[in-house]
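Next, two complexes with subunit A in common: one pairs it with subunit B, the other with subunit C.
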Partner chain A sequence: MKIALAGNPNSGKTTLFNAITGKTEYVGNWPGVTVEKKEANLKRKYKLLAGLQDMKEAGTGKGDGNRRNQVRVVDLPGAYSIAPYTSEEAVTRDFILAENPDVLLNIVDASNLERSLFFTTQLLELGIPLVVALNKQDVLKRSGNSIQVEGLADALGCPVVETRANGEEGLDELLRAVGQAAAAGASGNPAFEGRGGEGEDKKRQAYVKGIVQTHLQRKRDKTRITTSDRIDRVVANPFLGLPLFGLVMWAVYAFSINGLGGFLADWVNGTLFGELVPDAAHGFFGGLGVHPMLEALIVDGAIAGVGAVLGFLPLILVLFFCLALLEDSGYMARVAVVMDRYFKKIGLSGKSIIPMIVGSGCSIPGVMATRTIEDENEKVATTILTPFIPCSAKLPIIVLFSAVFFPGSTWILPAVYGIAGLAVILGGLLLKRIFPWEESSTFIMELPEYKVPSLRHAFRQMVHQGKGFVVKASTIILVMNTLVWFMQSYGWNLQPAEDQGASILAGVGGLAAPLLLPLGVAGWQMAAAALTGFVAKENVVATFAILFATVSEEALHAPGGVLAENFTPVTGFAFLLFNLFTPPCFAAIGAMNAELGSRKWLARAILFQLAAGYGIGILAAQAGSLLVYGKWAPGAVPAGLVLGGLAALAAVLVQRNRARDAQNELACQE
Partner chain B sequence: MPTIIIGTIFFVLVALAARKTYRNLRSNTCPGCSAGCGLEKREKCHKGS
Partner chain C sequence: MPLTKSKAGHTGVVKSITATEKIQKFLFSLGCSEGQEITLVSILAGNYIISVGDGRYAIDKKMAGAIELA
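Moving on to the complex of A and B:
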């Protein structure tokens, strides 16, 4: 049996989905967070309440008992209409029409009834049993309005239940109604009669308006200035909005990295994975008499590498807890509005900021969130630029370099995000001039009401991010660390290497090392770390841990530690930027491939990111060294050649695009 | 003997981690990430279109 959750964007579908399935899928207080359908089993408690257990057991016969007992809940991307406008709306339409769910659970934003019921009346016409969850009751009550639920149910011809998904209120009654609807097998009784006729949408809108006027009692004067409006005057102000956003993010990062998160991370890195775990592991394996080679692989390879990454878990948890609070309050939706006027100038729109904010957690959902962008140019540019925003996988690199070269500073992380913002702006401008481009589209976004953020929601989001981080460390990072340890311990003859310099890793890293010379960085270890970072960015830190932290984990993180022997603060910062802006991990490149839908565009995207990361790194190394030390960094000549080459390439591409534009214009005139 | 037992356990764990990583990368996501290429697009992704 399948229950499909459908409704307008930001009506609370995923919150309800999480509540009735026990999942912790990503939820955001803005439209367009869910771009793919998600499935999970209905919680047993709700299955019993809905009486769905018995019904299914009474179902068919042999062999399919277990599957038949499952009640699958499907969370669909938000849609305003059954006729899709964006690709994620098409996912919803296709699922409902092709998969024919047993019950449709239509989540309606009670604080925005008129807009929501348009879709409801279309769903009712499909002949699928339908139950309306009148969600966001708290927002409705705060607005002073009220809805006559029974009257609305009669008008629609289907059950209507009041819910508040984020407080898990009204869910028992809702699932009972779902059970009854499934048993009855009856669809609603749509009273709208203008279907299929000319001007259907307008007639439907008028029909919905009539229902709303009858059943919604407005107590609030629409022209009255609300508290949300007053806050918006400051927060979404065209001039104050951006500096305020900078200030808020600085406070969040300072608290996460230098405050509570940093304090906990120091303990996990220094004490837990620096002393306690390795000592216990050495004691355990030594006591058992395990071969020293295997002991070294597990302790110095797997545990050191995975530990170096897991050491940043507290910091990630605190950061995402704070970001979830900001999102849930409705503040991040305002950031999209503030950014719109700046993004418009570079050929993007405020809609592009949503993938970028989502991408600050992980580039993959960030890249996927570009599906909400209708304009093809904007979508392509946002897909290419979103990985510039440092994701959680890049945080360990930033924090490590910050701790070693700029201990105690609170400006490194905000500075890195500032440079990322600048890279997005300059990248957007360049893309607009290199490739054929139309004007940017208009950005319209419905702003959610401000609300006191839910601690429970923030906690769940934090756990969700933390779980992802741990799973990644125990899979892809573990595999890579095992491989890196093997490659740095063995030579090409597959015999243990006498020293690291004779190892396979030194050979591979040595091939790529000359490419880092323009960054003022020498040494195969740095090249090896950067190469492993292309698989997953956390690997940069893990590889350093395996290669350098041979004495202790602490030595890697200590200010002026082993890393300081290979970098100056400026070239360290340049190497950091190089790793942040070069192409993201393999998985994110796969997501880019899926979203761009063209190998040609994927190749262009990767080359653009490579050039951007390389160019930014070189500029930071050479210009930074000149400013700070009064001399160029090592590798100034190749740096000049590379930068000159990149500038010439950009100029040629811009010129070619101009010529193409002129030709098109001429063709139009003729 | 302890070396064989511990080694077997370790390499089985690494093999499982590699299998999960490979399967995730095939569907354009990474282990631990709740996003990635969904069911609808997986076939398309695998064809590399």
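Moving on to the complex of A and C:
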């Protein structure tokens, strides 16, 4: 048994999906949050209500005895019409046509009935039992309009149930209707003249208009200036819009990193994982009489490494909480409007800001959010540039380096995000010039009504993201840490190494270390940390924690601590930038691969990010050292060579692209 | 008269839309097509905020220039 959720973008499909399955899939108040179908089992409570537990499925095959009683719910990306406009809309159509769900649950935005019903009438023609959830009842009531539900159900020939997915209202009746529809078979078929013929869409539109006119009582003139419009005049003001956006993002980060989040993280890092846990663990294992080797593995390897990462959990929880509030409010769509005219100049769309804000939490959903950008060039550029925005996994690196090299400073964080913004701008301009580019973009963005963000929703999203972070720390990062610990304690002969310098890790790191010389950074430890960062960025901190664990965890975070012996503040900052702008973790690269859709573009994207991270790091190290200390950082000669090489490469690519454009133009003229 | 020439608050009937078929279809599914009424709510940050049916949409200047009102 399969129920598919379909409807217009931002009509509340995923909110309803979460409510009836108990999942915590990503939701937000802008069109196009869901870009891929999601599946889960219907909650038992609703299964019983729908009376679906007794249903025998037709065509019972062998071996599906267990699955017979399962009710799968499939959440589909929003669509305005069966004929797709963007790639995520195609997912909806392809799924319905190919997978033949047993019931279609059509979520209709009650505050935008006409547009929604256009799609409803198309869905009805598929011959699949259909139930309409007339959602967003609260928005409808606020507007003063009302809908005659029974009349609408009669006109459409299918059950219509009023719901408010946000408050989980009306879901019992909805699922009861789904159960009845599944048993009853196909719903009515919309009958209007000219179906299937020439100009069908126009006739369908007229038909839908007729239904809406009969069953919707309007109290309010739809073109009247609403509260939303008034807010828009401020937040999307040509002069205020951009500073306001900057202020909002600054507030989110200040609160997460320096405010509540930072305060909690300090305690967890310094006290909990710095003293309490290691001391307790040492005492515990000492008492058990465990082999000192094993004790070292657990305490210095696993606890030190994973602890160094887990310590940032409070910070990340607060950040995700704030981002969820922001995403729920409806502000994101406005930021896209404000940014459009700036972003167009650098080859991006206003919509590109949404992947970037989402990406400041995690690059993976950020990269996936690029799918709502219709223009192929803008989409590709956004996919390549989104990982430049530091994600929550990069925060530990930023906070660590800031604490060690610039204790008490308040400018590091804004500086890092400022440089990230600059990298996006310059990166966009460069991408536009080194790859074939067509100016064909159009910007259309729906502006959903603002709503007061739900604290409960933000809390649930936060717990969900926090869980993901803990799982990552206790799986990938734990495994990597154990490996790093092993590699730094053993030599190639698999005997405990006399000192770290003779270990396997020193050998591997040593191979990559020369690459860091232009950054003014020497030492295999730094190379090893950067390498582990490609698996997951948190590993950079975790690896440092293990490598310098001999001096204890606290020393890692202490101002002028052990890290300061290996960097000057300027090269430390350069190393930080290097880690931020080189390609993201493997998982995010996987997401980039999915969005770019071709190996060739993925390779270009990764090379571009490598070159950008390397170039920015070198520039910061050398120019910074010259400015601050009055002399070049070590490795100035290779630095000059690398920068020169990168500049030459960029120049050649720009030239080649220009020649290609000129040739195309010539071909067009002939 | 193109939409870009109208004043905020003006309601007009769409006469024609000059765009690719894909964009025309998309606008159509939003309810913005020949013979339909649309209202220019305001012009914000270089974008045209239009009211179509019960929805609010922001479109860029290029798109707005392609919409001809009667």
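In this section, the second predicted complex is superposed on the first by the 651 of 670 C-alpha atoms of A that agree within 3 Å, B and C clash if a C-alpha of one lies under 4 Å from a C-alpha of the other, contacts with A are read in each partner's own complex, and residues count from 1 in each chain.
Simple rule for what comes next: a residue touches a chain if its C-beta (ideal position, glycine included) is under 8 Å from a C-beta of that chain, and two chains touch if they have at least 3 such contacts.
Quantities reported herein were computed from a predicted structural model and do not represent experimental measurements.
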Under the stated touch criterion, which partner chain does A:115 make contact with: subunit B (first), subunit C (second), both, or neither? second
Could you say whether A:338 touches subunit B, subunit C, both of them, or neither, answering first, second, both or neither? second
Per the contact definition in the header, classify A:289: touching subunit B only (first), subunit C only (second), both, or neither. first
Touch test for A:137: subunit B only (first), subunit C only (second), both, or neither? neither
For A:352, using the defined touch cut-off, is the partner it touches subunit B, subunit C, both, or neither? Pick first, second, both or neither. neither
Partner chain(s) touched by A:91 [first = subunit B, second = subunit C, both, neither]: first
I'd like to know which partner A:233 touches here: subunit B for first, subunit C for second, both or neither. second
Intersection of subunit A residues contacting subunit B with those contacting subunit C? none
Looking at the complex, which residues from subunit C come into contact with subunit A? 11, 19, 22-23, 25-31, 33, 39, 41-42, 44-47, 49, 51, 53-60, 62-63
Residues of subunit B defined as touching subunit A within the complex: 2-3, 6-7, 10, 13-14, 17-18, 20-21, 24-25, 28-41, 44-45, 48-49
Residue numbers on subunit A that touch subunit C, as the complex places them: 80-81, 83, 85, 111-115, 118-119, 201-202, 205, 222-223, 225, 228-229, 232-233, 236-238, 241, 333, 336-338, 340-341, 344, 350, 442-447
List of subunit A residues in touch with subunit B within their complex: 25-26, 36-37, 91, 94, 285, 288-291, 294, 297-298, 302, 362, 364-365, 368, 464, 467-472, 474-476, 478-479, 482, 536, 585-588, 590-591, 593-594, 597, 599
